[in-house]
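Here subunit A shows up in two complexes: once beside subunit B, once beside subunit C.
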Partner chain A sequence: MDQNNSLPPYAQGLASPQGAMTPGIPIFSPMMPYGTGLTPQPIQNTSSLSILEEQQRQQQQQQQQQQQQQQQQQQQQQQAAQQSTSQQAAQVASGQAPQIFHSQTLTTAPLPGTTPLYPSPVTPMTPITPATPASESSGIVPQLQNIVSTVNLGCKLDLKTIALRARNAEYNPKRFAAVIMRIREPRTTALIFSSGKMVCTGAKSEEQSRLAARKYARVVQKLGFPAKFLDFKIQNMVGSCDVKFPIRLEGLVLTHQQFSSYEPELFPGLIYRMIKPRIVLLIFVSGKVVLTGAKVRAEIYEAFENIYPILKGFRKTT
Partner chain B sequence: MPGGGRCPDCGSTELVEDSHYSQSQLVCSDCGCVVTEGVLTTTFSDEGNLREVTYSRSTGENEQVSRSEQRGLRRVRDLCRVLQLPPTFEDTAVAYYQQAYRHSGIRAARLQKKEVLVGCCVLITCRQRNWPLTMGTICTLLYADLDVFSGTYMQLVKLLGLDVPSLCLAELVKTYCSSFKLFQASPSVPAKYVEDKEKMLSRTLQLVELADETWLVTGRHPLPVITAATFLAWQSLQPSYRLSCSLARFCKYANVDLPHPASCRLQELLAVLLQMAKQLAWLQVLKLDKRSVVKHIGDLLQHRHTLVRSAFRDGTAEMETQEKELQGRGQGEEVGDSSLGLPQGKQPASPALLLPPCMLKPPKRICHTSTVSTVTGDENISDSEIEQYLRTPQEVRDFQRAQAAGQAGTSVPNPP
Partner chain C sequence: MASTSRLDALPRVTCPNHPDAILVEDYRAGDMICPECGLVVGDRVIDVGSEWRTFSNDKATKDPSRVGDSQNPLLSDGDLSTMIGKGTGAASFDEFGNSKYQNRRTMSSSDRAMMNAFKEITTMADRINLPRNIVDRTNNLFKQVYEQKSLKGRANDAIASACLYIACRQEGVPRTFKEICAVSRISKKEIGRCFKLILKALETSVDLITTGDFMSRFCSNLCLPKQVQMAATHIARKAVELDLVPGRSPISVAAAAIYMASQASAEKKTQKEIGDIAGVADVTIRQSYRLIYPRAPDLFPTDFKFDTPVDKLPQL
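Coming up: the complex of A and B.
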């Protein structure tokens, strides 16, 4: 499998669920509790599909085409609908246990949470393991602490004018070549550059960051500049949570040497650079974990779900 | 040479085009007289056609070791000799420096960074061979800032893709303790303060192990813990004479710098020892405090494994509390001493939580869970809300007046 080639040799033998490189738990499982109503964006990880799964998909697509040619329009629709749900189900399931998925026929067994639209008599294949993760879901949801976003106001700005006519701005060109502006609601800070680009920091959610950036743009507009709101993009998200038990950092750095950096002479925490998703975690002895480097919220949740079983392994001292 | 050229000396027509190194010459083949010669140097107009290549884009860099790299390699060898490292370390450190120098980011770095790089290479070599060298030592030797050192070190490890093992605590204890000047009688050290090296080393090692087991070492700088452990070991070996000596005075006699967190670690270690002492019956009656427990460190260390298990319960699960208590009692009876053969009235003290000190302290601020906000990001922004952030024209005038007055007052041109 593609992903196993990139794993270091020692990690392939580990019993711990899929180490840190594969998503052990499907991120769109209905069992994942998410704080706000924001639906998680699915991770575009087509590269993680194994060759076997690729073959399966291609074969299923071929079968789909064959059946469409043979049967009538209505039956084709039925088949297509049912195949798509089972395909989805099959994809989700094969993320869990690809080695079981040998047969080329479609499955009848619906996964919990996905109901097939049309019940159909199709030959059953080898049973798929239900979509429960190898380890229990942690039940802890990381809280977002900071969002950094950028937006292009689309016009050149005169920073002196802005600093003069805005109450909430500070501008010290000798120290930094941008105006630092703050608003109270949402409590954020923005760096506004003369090129028209702006960085907005301090928001606690993506929507708040967007709202705050719009407010800054409106302030700049009212100051007389033709400000627009182009290319709003979230650049970084920081989250934190507490696993509520102490962690033996020395042990963790020994077993996960490839990913961890623990230098107590420099910093009290362990810096864990997870490959998939590309997130940096700061793990402290008190059990508090800081996750940063995410572009979307789901990456933070996925990273925490990946690290939680690893940390539980270091829970007992002797 | 055909064409009517004649040698002015012998008149022969046999003139040969022959160059003397880079200078072209017309020479008579009969008498050897140089008839004409080319220019040795180029003129300004000629040079206009030449194109200069910067050194970094020529191949000169690859052909020879640059002067700054030579200097760096010399510094690496010097540092290894100053630290009295085994000779094999020198070659490894030099190899790392050369490897690092191949990267353009390092080649173009400032001299300060290249200086610190020397220390990083030596440190990595020592860490890989379990030689206990701390970053503080290297920074002192190189007169470098720990921040600069840490940045360069992390960059180097990432760049070279190295696996650097952690600092070996046992080796560090041995090296650090040996540096204490208390093992030989000297005029500056009172007679009763001199101690046998082996005894102190073994006891310090046991104390450091105890600290590691009870979460006092994880996440902290190792040196202050070792200083505190050395102090306690030294005190406990002859408590009657040494209890009056403070940590600071001890370090002065030993000619060792006292790291600032050492006093904190000392208090934490004493608290752990006190908690262990509560499990021993004959010590319970004595009602020990942080000073008197030092006298019994020897006993406590002798039974430290049992005592830690019985004195502390796993901070994570309440379910295991009772199990551990039972285990502790059982263990005590196996050991055979009268620790838990107690009269009915007295029971060992209830186990304390075995957690890192940062988890035992009350939280500094209330971490309120963030309220779920129903912000969509696309709400209407009212004008009045934006107006509050804009200055009124009157305010602008006042501000400009104040700025002008300020500038006039200081009479320093203040470019806005």
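Coming up: the complex of A and C.
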């Protein structure tokens, strides 16, 4: 991560903030990991959540065990070649991640010779997560639509001067106590508060969000404030994808009552609150799924891999 | 007081011949009688019954045999409250015209808000003529939510409206959010939010609404005959079975089905009228109607008498 808290000179605006990349890779590749690099392990279980987690895990277990029994022969061959497995737990594996991101490099990254930057773990399996065979993975990758991040510029700001002197800034203190600034390059919007804290929204990837935040900080710096770049943190990530088949929401709400809320009078989609990666999914009849609430990209992928077999079970047959 | 065995230190009145016999209290005569020998042991026991002198021609409103309010003890805890009634007669007013003995408030100070909410629930239910069982269920739900204190920050009226909505749903006669909005001062958005929070707090769930739940109410409000109502129910059910209206709210589908059924019968209703009763916009009815119109001949029940044949149904 960015160790130095001061901004690099703006002339090298395209310099990678991390500097540990192989040369020639454009910064905006969606493959670029922004964090420490390892697939983050799921969040610690609080005692109140563990019961619901168990329930969700059991429900996913049942679904996956049914599918596993059907395809057992293929599984045995593949699993003999792959890592060792423990077939009891049926959580989606971090071990599955390399397979997903192999497909990702084929479809999304434009570079031919890139090894998947999302690391394949040296130890093949963590004890919690079993290998789910490759034939089970959905092959659909959720696309990120929005990233919300915050950063502390580390100094008090005078919003009035910022609003008067900066371009594309609006400030209406009676309506909202922050300057709303927009830039075009990663098309983003920032809310800049007088305490020096800033919220940056609208970016489509983690790198773009960071770059945009740095651009805003640069603008504030040029206006004469001693802006720094402290504690950049991504607060929320929103992704969406399409499972390409219609879904019976009424069936889904009957079986997953503790996690789903479907009120057609209030909202046409089903709101599924997944416990294990703490993600909220909006599932629609058309088959489109919106995932939100993630702090890291892997949570979105993991949540989608968890929900995909469940949705397949509720496919509309007509 | 004498015959209960609370404390052995208290002098207990017993029959001299049968000290172990439990005395029977005859409160009408004010006697304590030994059941073994019939001896009257204590007399002039104070009568705790009702006022004796109840004449039949007394004012029927004031029932003197009531010594306390008839509040339901299950709901508000401890209804041992006494209210000073409004004064009648000239003597109860002091020189300025204010009533003396003004202390009608400050009773049951805990749960005052709860009593207020119960009153509000009764008012709301009264506006849409809900039966007593729904009101009781609503009161119970409100009490559970109130005691849990997890929704303490929300307006009590909002929680009361949401409890009313849940009670109607649980009793199998759901009301739409808009109908509850019509009798409450809270917005639909806030009622919806409180509804979800209450379901989470009480860890209950409710069944999904179906088109048939609303048919009888909407059709009666539109004064449609039974044939049309049955036809509309059939149309809506078939439309959902054949998946002609994916993703549409059941209320909109029901409204469109009522429109189709009424247009095929002698009692034609306009989209605007149906929209007013059902709480859906007439463009919504139009959208859903367009989806079910192509399969209209399949949707009607087989024994339906068409006033307007199927091919002459309006096409919007």
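We take it that the second predicted complex is superposed on the first by the 180 of 318 C-alpha atoms of A that agree within 3 Å, B and C clash if a C-alpha of one lies under 4 Å from a C-alpha of the other, contacts with A are read in each partner's own complex, and residues count from 1 in each chain.
Going forward, a contact is a pair of C-beta atoms (placed from the backbone, for glycine too) under 8 Å apart; a residue touches a chain by one contact, two chains touch by 3 or more.
Since the model is a prediction, treat every value here as computed from it, not as a measurement.
*Asks:* After the overlay on subunit A, what do you see for subunit B versus subunit C, clash or fit?
*Replies:* By the criteria stated at the top, subunit C and subunit B clash after superposition.
*Asks:* Mind working out whether A:D158 is in touch with subunit B, subunit C, both or neither, as first, second, both or neither?
*Replies:* neither
*Asks:* One more residue to check, A:V285. First (subunit B), second (subunit C), both or neither?
*Replies:* A:V285 contacts both subunit B and subunit C.
*Asks:* Of the two partner chains, subunit B (first) and subunit C (second), which one does A:P186 touch, if any: first, second, both, or neither?
*Replies:* The first partner, subunit B, only.
*Asks:* For A:D231, using the defined touch cut-off, is the partner it touches subunit B, subunit C, both, or neither? Pick first, second, both or neither.
*Replies:* A:D231 sits against neither subunit B nor subunit C.
*Asks:* After the superposition on A, what does A:R315 contact: first (subunit B), second (subunit C), both or neither?
*Replies:* The first partner, subunit B, only.
*Asks:* Just subunit B (first), just subunit C (second), both, or neither: which does A:Q257 touch?
*Replies:* Both: A:Q257 reaches subunit B and subunit C.
*Asks:* Taking the superposition on A as described, I'd like to know which of subunit B and subunit C A:E170 touches: first, second, both or neither.
*Replies:* neither
*Asks:* Out of 1-9, 127-135 or 397-405, where does subunit B collide with subunit C after the chain A superposition?
*Replies:* Clashing stretch: 127-135.
*Asks:* Taking the two structures together, which residues of subunit A meet both subunit B and subunit C?
*Replies:* 246, 250, 253-254, 257, 261-266, 268, 284-286, 316
*Asks:* Provide the residue numbers of subunit A that touch subunit C in the complex, in ascending order.
*Replies:* 246, 250, 253-254, 257, 261-266, 268, 284-286, 316, 318
*Asks:* So in the complex, which bits of subunit B are touching subunit A?
*Replies:* Subunit B residues touching subunit A: 134-136, 146, 150, 153-154, 157, 163, 166-167, 213, 215, 217-222, 314-316, 354-356, 358-359, 369-370, 372-373, 375-379, 381, 385-391, 395-396, 399-400, 415-416.
*Asks:* Which residues, counting only subunit C, touch subunit A once they are in their complex?
*Replies:* These residues of subunit C touch subunit A: 176-177, 192, 195-196, 199, 205, 208-209, 242-243, 246-251.
*Asks:* Could you list, by residue number, the parts of subunit A that touch subunit B in their complex?
*Replies:* Touching subunit B from subunit A are residues 35-36, 143, 160, 163-168, 173-174, 181, 183, 185-186, 204-211, 214-215, 218-219, 222-223, 244-246, 248-250, 253-254, 257-258, 261-269, 284-287, 315-317.
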